[in-house]
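Going in written order, the chains are labelled A, B, C and D, and every chain counts its residues from 1.
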Amino acid sequence: MQNEKIPVAVLGATGSVGQKFIELLSNHPWFEISELAASERSAGKKYKDATNWIMQTPLDNKYGNMIVNECKPNLSSKLVFSAMDAEFAGAIEEDFAKAGYIVVSNAKNHRFDKDVPLVIPEVNHEHLELIKKQKFGKGAIITNPNCSTIGLTLALKPLQDKFGLESVNVVTLQAISGGGYPGISSMDIIDNVIPFIGGEEPKMESEPLKILGTVEGNEIKNTSINISAQCNRVGVIDGHLECVQVKLKTKAGREEIIKAFEEFKSLPQELNLPYAPKKPIYYFEEDRFPQPKIQRNLEKGMAVSVGRLRECNLFDYKFVVLSHNTVRGAAGGTILIAELLKEKGFLEGIV
Amino acid sequence: MQNEKIPVAVLGATGSVGQKFIELLSNHPWFEISELAASERSAGKKYKDATNWIMQTPLDNKYGNMIVNECKPNLSSKLVFSAMDAEFAGAIEEDFAKAGYIVVSNAKNHRFDKDVPLVIPEVNHEHLELIKKQKFGKGAIITNPNCSTIGLTLALKPLQDKFGLESVNVVTLQAISGGGYPGISSMDIIDNVIPFIGGEEPKMESEPLKILGTVEGNEIKNTSINISAQCNRVGVIDGHLECVQVKLKTKAGREEIIKAFEEFKSLPQELNLPYAPKKPIYYFEEDRFPQPKIQRNLEKGMAVSVGRLRECNLFDYKFVVLSHNTVRGAAGGTILIAELLKEKGFLEGIV
Amino acid sequence: MQNEKIPVAVLGATGSVGQKFIELLSNHPWFEISELAASERSAGKKYKDATNWIMQTPLDNKYGNMIVNECKPNLSSKLVFSAMDAEFAGAIEEDFAKAGYIVVSNAKNHRFDKDVPLVIPEVNHEHLELIKKQKFGKGAIITNPNCSTIGLTLALKPLQDKFGLESVNVVTLQAISGGGYPGISSMDIIDNVIPFIGGEEPKMESEPLKILGTVEGNEIKNTSINISAQCNRVGVIDGHLECVQVKLKTKAGREEIIKAFEEFKSLPQELNLPYAPKKPIYYFEEDRFPQPKIQRNLEKGMAVSVGRLRECNLFDYKFVVLSHNTVRGAAGGTILIAELLKEKGFLEGIV
Amino acid sequence: MQNEKIPVAVLGATGSVGQKFIELLSNHPWFEISELAASERSAGKKYKDATNWIMQTPLDNKYGNMIVNECKPNLSSKLVFSAMDAEFAGAIEEDFAKAGYIVVSNAKNHRFDKDVPLVIPEVNHEHLELIKKQKFGKGAIITNPNCSTIGLTLALKPLQDKFGLESVNVVTLQAISGGGYPGISSMDIIDNVIPFIGGEEPKMESEPLKILGTVEGNEIKNTSINISAQCNRVGVIDGHLECVQVKLKTKAGREEIIKAFEEFKSLPQELNLPYAPKKPIYYFEEDRFPQPKIQRNLEKGMAVSVGRLRECNLFDYKFVVLSHNTVRGAAGGTILIAELLKEKGFLEGIV
């Protein structure tokens, strides 16, 4: 029937990303959570007893009373969202894919597998083609990039398309929610900044190369931009701010660049996907913007905010990018991938 | 008599930098505050009634009961520390210098006057010679750089000396105390970051060029490093963190650079000046350091902390610098200049 | 015509409460902002140029492009919301009332005027009758209580009704947004608590007495509860938390009290007013709730959250109350009063 | 020899209280840390490798290079400070006492043992006599109260002595460092307050009764004040603020009470113990004081600050108390007990 929702499962449902999936999937027009799965420790309990719910909207009893499953490929929902810890996600996601499930994952494990697309729907929706060639039969794994990569790469995409990118320098001020829950100790971050996030810089220096790359045969050919990243943790709850510098391949005026940001649209906008922002990138002329507290919730957290574009004597331009790390950068971005999968027909015959 | 202390005055004594001068000058072995001066509004009142004391050490009644003077050159102390607002500092500091006072200033107004030295004692103490050629007769103006410049330039100095600097890129995470008092509204910074500090980036891009320059005749010839700065305000009370990238003129290994940081010493250390840190720069090998809360008070806030030195594919190296913005970057740095003036004989016949 | 909205004006539109009125009145089903008014300094400017918009939803250009009026009774909207500073509100509100305007005010000036009702719609809607006897002809003044009073008094109301209140002790942990904008300096509240809020304790000790009082003839007869309040400012953005202790007139069991909280409903719920929460009070059994960050937005910020009810050896019971200070405690509460005025017919013949 | 320092050990040295002991005992005039002990997991490692040092003063290599011992009574230091988790402290402390060690403990386990004194040196130093009757032979256990109890009880002592206390009501705003490390998640406390601290309220309602009690024969007879406590966690790093209300047995004027606070002195002051504050209690007349950030470090964190004394219609008076929870409330208070033990001769023949 046309109006029936597609049942989905959330793997790793008790963690903070898992909770965000549940929060965002409530009232989703196409998907309906029918199963929640987590570690053995949680399995068999009611979800509300297995999790320490920290979202700002109350836990709906519809989910709270679900009995938590183990993360094993015996679920009835064939579309599964993975919010599992990297420690476990690698093997379990493969098990699901082999068993014919479509796994859309926020975990890092398979991001660089040759046949696994690493997707930001507005940037490289065409990479989804890769899954046709995956070794899993009907099943598949599709990955969502790292939270700090997503904001950066969305802002880079129109520049890459219009002017070409030679090099990119980025210094981040990242929110604590990126560290999960309980994550960063309050003793470490109140009145403080931590100039290091384990594993984050290599991700930011490599993931955009694949995302901005091109499908060649059965795999992605990376683009060849030079990227350097320095990552800092700051005492902000949600919203990663990134100070970016770019060297372009062709000259561009300030107004042209702002126009490129503001006019950027892609397939999710054309398809009018439920989680797609009307406008993926907003440019702000006020010097003091973007700010996490003010702009992170733009378009329900799915739009990226850019500001302070100015010339740079070491590169060509410098500017500031802000994106909501747990929405656009995690659960929301992953849901958008699933919407795209559906709309492009990848779920047909499976879910 | 040998043991008598030099009487000093603080101009702009009621503001947050003025308060920090008073806090740091209590028990100074050479200087003794004998006069406090501030705006007309405060003049004539007891200091404790004219100021909203926000330092973490209680206000000594010795100062609290002083009657505040106007900022006019009729003070008996011939050595004056200026913590005045830039709105007034320019003209008043000149008035004092013309009247024969030695003005050591934290205000920005005269930093780029050709005959006014802009001094970090460990970096360019030799620039003090300039004041002999100032137009003020016995009086003189010496300036302390901007708080975010000082940490950066101290860390750059040994690199400039040993390897030469071609370009420097810096992105800052600056503390709220840099905005004075009341300064940043709590509504603007809790759970937030502000990607803009008015006037800060031009200062960071220009001041190091003069400080690292050389005396040629009656003025300073700027050095010719390319610098780009992006400045952010974060919800940290004290301590500016800076993510720095450098391109060197000659190749250098990581160990050589750490050695250059760790072994850096200069005239203030040789002269064993009271406010000079034993070691101006500390290098930390732990990935998570330096952090404002943990390292800002090193050597009473006068040392700079460096960490995370690693190669950078866009420059040669990247690293992180931390310094205490109201001590090393303001009152403490200015006091150190005055100590140097005394020890080098510039105060003779005046104070 | 049935579907035409009532035009309203906001006085004091540029401040933080004024902004909140605009944010909350966008898309209101009954009211439409047709005029904005503020101080002489702002009058004549476009609203977006006259204010420093700090709300988390972007300023709609519909309002941003309005030309700000002076706060003079020559506006065409006859229903006006006052968010003016207490310094000016007193006289200006009277001028408007005398000129036939209905003034619903968040300012403190007229709260204790004998013929002016001080209203929390769920608690004392019947006090609105007072305005019939006001000295202003067709015009009227109705006041909204202090933000910290509202949460407290809403939670007290069912206890007063069912068991009677003898004494109430309250210690508050109040959010910084209660101090307006720029309000509290970040230097004063990060890593800190301020155990004093000017004028707050007297308000909390007196306002509930009038609100819980009864109409007798032309005025309100205060109720006679003994109240003590201690008020603290904490580094929370929105949401006042209050630790309350009560001595009841008649004995009550814990379950009875929770039932009284949970079942409490009043006229705004019966009338199904647009801004009325479905349930005014929610009781949470989890020890760690209510928390500002988690529960402040319950029912769009209009519901009050209660938790930790337990016996108290000095009173009868102690518990914790949380309410959103700028929504339920200011703009939202004031809008609910206006809705009640309309629905009870007080606006007929005027707007 | 007269000048030789007494060797001491710290049990539970790797936790945050253990670290604070090490920080405070560096350069202690009487005691010298000669051994560090912790869990099996840490034993055998260098201290610097076994702990995540979070103090704001760098870890001295003298301690960093010590090999961590297990918490077994085979240490050579006969005076041991216990900073162990309550999970283990109970049995291990007994083992040490039985083996002839003097254990001064910050853990809660033995606080209510009949023959174990619970001591704030300025309040009940005479309770130390109890240890002569302990069942441990030469060994003994002495306990330091809970951090929030100590500030409160120090402030109550002069009132109890001069006017008698009938009832005490307290609502706390407690710092995150009270929760240990990593303790409270930053996700839980930034822009938030938690109205619950597990086990804290019962401690505050019971410990003062023993501390303010009297030695009768072989045990303490509790005093009979009625106490109610409500405990909240706020985003402050160090410093517990407490809103207190008291009902006195005899009438007292405001000035008398302030005098009682200000003039309060006790044995530690008379003996001039190294860690004793010159003045245990400071009264501040400014409405906005005491504040954690401003007053917590008074007298190196060992003094208690009181302010806002005013009449209360439900009790007699209300006021605010502030104390440094990890110094006066934990490591510093415990060290002061050990100093008292030494000076009163309890260590003779043992250490």
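As a convention for this text, contacts are C-beta pairs under 8 Å (C-beta built on N, C-alpha and C of every residue); 3 or more make two chains touch, one makes a residue touch a chain.
In this text the structure is predicted, and so the values were computed from the model without any measurement.
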| item | value |
| --- | --- |
| Shared interface partners, meaning chains that touch chain C and chain D | A, B |
| Contact-graph distance - origin chain A, target chain D | 1 |
| Relative to chain B, chain with the most remote C-alpha centre | C |
| Chain A and chain C: spacing of chain centres that average the CA atoms, whole Å | 40 |
| Between chain B and chain A, distance of the C-alpha-averaged centres to the nearest whole Å | 43 |
| Distance between the centres, which are taken as Cα means, of chain C and chain B, whole angstrom | 48 |
| Numbers and ranges of chain D residues touching at least 2 other chains | 54, 190-191, 235, 237, 293-294 |
| Chain B-facing residues of chain A, complex | 167, 169, 171, 173, 191-196, 198, 205, 226-228, 230, 232, 234-237, 241, 243, 245, 287-294, 307-308, 312-315, 318, 320 |
| Contact footprint of chain D on chain B as seen in their complex | 54, 56-58, 190-191, 237, 293-294, 297-298 |
| Chain B partner contacts - residues on chain C that touch it in the complex | 16, 54, 176-177, 181-191, 235, 237 |
